[in-house]
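Two complexes are shown next, each including chain A; its partner changes from chain B in the first to chain C in the second.
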Partner chain A sequence: MTFTGEFIAFMALALVAIIGGVLLLNLNKVVHMVVALIFTFVSIAGIYILLSAEFVAAVQVLIYSGAITIIMLFGIMLTKPYDDSEAKTGKWRKILVFLGVVGFAIAVYLGIYNFDIKQQPSTLHEDNTMQIGKALYTQYIIPFEFVSVLLLAALIGAIILAKREDKEADKE
Partner chain B sequence: MVENMLKSSPGLYNFAIFFLFGVILLFIVLGFVTYSILAERKVMGYMQNRHGPNQVGGRFGLLQTVADVLKLLLKEDIIPKVSDKPLFIIAPVIAFAPSFMVLATIPFTDKFQFADLNVGLLYYVAVSGMTVFGVLLGGWASNNKYSLLGGARATAQMISYEIPLVMSVLGVILLSGSLNLNDIVHAQQHGWFILLQPIGFLIFLTASVAELSRTPFDLPESESELVAGYHVEYSGFRWAFFMLAEYVYLFAMTALVTILFFGGWLAPFSFLSFIPASVWFALKFCAVLFVYLWFRSTFPRMRADKLMEFAWKVLMPIALANIFLTALIKSLFF
Partner chain C sequence: MSQVPASAFLALALILFCIGLYGALTKRNTVIVLISIELMLNAVNINLVTFSKYGLYPSINGQVFALFAMAVAAAEAAVGLAILMALYRNKKTVHIDEMNEMKN
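Up next is the complex of A and B:
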C-alpha cells in the first residue's frame, strides 16, 4: 500500500469524524458535545470533497452550521448549565455492550474485506452542481415537489403551534 | 502563474510555494485591517466634525493602529476562573479561521486567485457561516450573562440574515449561469450586475452589513446594552482575534460585493482597459469599503425585535420577488 495524499487526507478526516462521534457520546456538557458534532460534520464535508462532490460538501457545511448552532442554543437554554451528574450503568451491561461492538466490528470486517468494487469511469464529477440541478428538475421533479410540500406543511404546522400557545396565554 | 501552479501535479515544492503565498496574503490582509481601522476612525471623525486620530505617526495618525495592536499584545491575558477554559481558548480561533479561509476563492484579478472553485459563491457563504460557532462558543464559555446574550443575538441575526443574503445573489447566479466567481466576473463584460440587479444589490448590501454585524445591525456587541456583547470577558490577544475576524470579513465581503455587482477587475469601458486589472479592483474595492464606513457613522442602531421582523418580513419577500422578476427577465430578453 502506498501513502498517497488522498489516503492521508481520508485517514485524517475519517479519524476526526469518528473521534468527534465518540466524544459526542462521552462528553458531559451539552455544549462540548455540540463542538464534537461540529468536527464530525465538517470532516464529513471534507470527505465529500475527496469524492469530488463539492456541491454536496458546501451544502453540508451551509445547512449544518445553521442547524448545529440552533441545537447549541437549545442545549444552552433547555439544560442546566453546569450539570456534572453521570448516568449509572451496570458492569454486566458494559461487558455486553462491548461484546456487541466487537461482534459488529468482526461482522463488518468480514463483510467488506473481500468486497470488490469495480471502478467505472463516469462524468459525475464534472460540473456536478449543474448535473444535480438538471436531475432534480427533470427526472426527479415529482419527489422534489413532494419534499417541498412536506417541508411547507411542517413550517405551517410550526407556525400554528406557536400561534395557539400565544392565544391561550392571552385568554389566561 | 498561480493558474499554472493550480494545474500542475501536487508535491512538496508546490505546497511550499502555496504556503508562502498564503503567508503573504495573511500579511496583506493584516495591513489592510490596520489601515481600514484607521480609515474607519478618520471617516467617522470627519463625519462627526472632528479630526480622528492625529497624534501617533504624523498628521494623519498613520501609526495609531500599530500602536493599538502593540498595546493589545502587551496586555495581560486574562481567563476568568469560572469560564469553560478549553472552549474559551478555542473560540477566537474558530471565529477567525473561516474568515481567512473564504479569501481563498476570491479572484482579486484574473491572475491572482488561490482556488478556482466551481461552487465559489456557495463556498463563501457556507464557510463564513461557521464563524457564528466561535461567537456563540465564546459567549457561552465566558460564563457571563451579557456575553451569552450577545452570542445568542449574534446567532439569531447571522442565521436570519444569511437567507436574504443568499436569495439576493440568486438573481446574479441566474443571469451568469454559474456559481464560479470567475465566470460571474466574465459575465459582466457588457454591463455590471448592479445595473441589471439593483434590488438584489440593495438587499445584498443590507444583509451583508447585518452579517458583518456593523452599526445599524451591531446588536451582538451593542455597547449601550450589553457592555461589549460576546467578548466582554476577552482581553489582549484573544480579543484582538475576534476583532481581526470582523475586519477580515469586512475585507472579504467588500471584495465579494465588488466581484458580484461591480464587475470585479474588469474595466467599466473597453477603452479604459489599458489600466491594469488590479488597479480597477482596488478602486472599486475602496469605493465599496467607503460605503460600509459611511453606513457605520450615519445610521442609528436598530431595535432587537425590529431586526428579526426586518429580515423575515421585509428583506425575504423582496428577495423572492426579485428572483421571480429576474427569471422572467432572463426568459424574455436573454
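Up next is the complex of A and C:
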C-alpha cells in the first residue's frame, strides 16, 4: 500500500476520532468528555470529505459539533450539582459489558475485514450539493416533508416537556 | 479511484460504534449516555456514506439517508434533553441508575 495523501489524511482523521472516543470513556469531568467528543465529530466531517460527501460534512459540522454539543453543554450546566462518582455500578457489570462489546466487535470485524467489492467509478464529487438537492426534491420529496413534521413535533414536545409547571400551579 | 480500502472506513465506524455502545451501557451521567448514543448514530452515518461511494452501484442515496438520520438524531437529542430536564426538576438527580420509577 502506497502512502498517498489520501491514506495519510484518513489515518490522521481516524486517529483523532478514536482518541476523542477513548477520552470520552476515560476522562473524569463531564464537560471535558463533551469537549473531547467535539474532536471526534470534526474528524468524522473530514472522513465525509474523503468519501466525497462535502454537503454531509458541512451538515455534520453544523449539527453535531455545533448544535448538539452546545445542547449537551447546556444540559450539563443546567443540572448543576453533579458528582462524578463512578461507584454503585459494580465492577462485574463493567467487565461483562466490556466482554460483550468486544465479542460484538470481533463478530462484526470478521464480516468486514476482507470486504472487497471492485470499485466503480462514481460521479459523487461533481456538484455534490446539486445532486443531493435533486434527489431530495424528486425521489425523496415525501420523506423530506415528513422530516419537517418530525422536527416540528420534536420542537413542540421539547418545549412542553421542559416548561416550568410551578407557575401554573400557583395560578390555580 | 481511491487508495483507502472500504474496509478501513467500515472498521473505523465499528470502533466508534463500540466506544459509543460501551459508554451508553456503563456511564452514570445521563447526558453522557445521550451523547454516546449520538456517537453510535454517527458511526452508522459513516457506514451509509461509505457504501454510497464504495457500493456496487455508487449513488447519492446513501448521503441522503445520512442526512435523514442526522435530522432524526437532532430531534432525539432535543427531546432527550427535555425529558432529562423534567426528570431533574422532580428528582434532583442526573444519575441514570437512580431513575427507576417504573421498576416497582
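Going forward, the second predicted complex is superposed on the first by the 124 of 172 C-alpha atoms of A that agree within 3 Å, B and C clash if a C-alpha of one lies under 4 Å from a C-alpha of the other, contacts with A are read in each partner's own complex, and residues count from 1 in each chain.
Here, a contact is a pair of C-beta atoms (placed from the backbone, for glycine too) under 8 Å apart; a residue touches a chain by one contact, two chains touch by 3 or more.
It should be emphasised that the depicted structure is a prediction, and the values quoted were computed from it without experimental measurement.
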Contacts of A:I76 with chain B and chain C, given as first, second, both or neither: both
Chain A: partner with more touched residues, chain B or chain C: C
Which superposed partner A:L124 touches (first chain B, second chain C, both, neither): second
Partner chain(s) touched by A:I19 [first = chain B, second = chain C, both, neither]: neither
First (chain B), second (chain C), both or neither touched by A:V59: both
Chain B versus chain C as contact partner of A:P143, first or second or both or neither: second
Touching partner for A:L51 - first (chain B), second (chain C), both, neither: second
Touching partner for A:I68 - first (chain B), second (chain C), both, neither: both
Partner chain(s) touched by A:V35 [first = chain B, second = chain C, both, neither]: first
Overlap of chain C and chain B interfaces on chain A (superposed complexes): 55, 59, 68, 72, 76, 128
For the chain A and chain C complex, residues of the former touching the latter: 1-2, 4, 6-7, 10, 14, 17-18, 21-22, 24-25, 30, 33-34, 37, 40-41, 44, 47-48, 50-53, 55-56, 59-60, 63-64, 67-68, 71-72, 74-76, 78-79, 81-82, 84-86, 88-89, 93-94, 97-98, 101-102, 104-105, 108-109, 112-117, 119-122, 124, 128, 131-132, 135-136, 139-140, 143, 147, 150-151, 153-155, 157-159, 161-162, 164
Chain B residues touching chain A - in the complex, by the definition given at the top: 10, 84, 87, 90, 117-119, 122-123, 125-127, 129-130, 132-133, 136-137, 140-141, 148, 152, 155, 159, 162, 179
Interface residues, chain A side, partner chain B - complex: 5, 29, 31-32, 35, 38, 42, 54-55, 58-59, 61-62, 65-66, 68-70, 72-73, 76, 127-129
Of chain C, residues touching chain A in the complex: 1-12, 14-16, 18-23, 25-26, 28-29, 31-32, 34-36, 38-39, 42, 45-46, 49-50, 52-58, 60-61, 63-64, 66-68, 70-79, 81-86, 88-89, 92, 94, 97
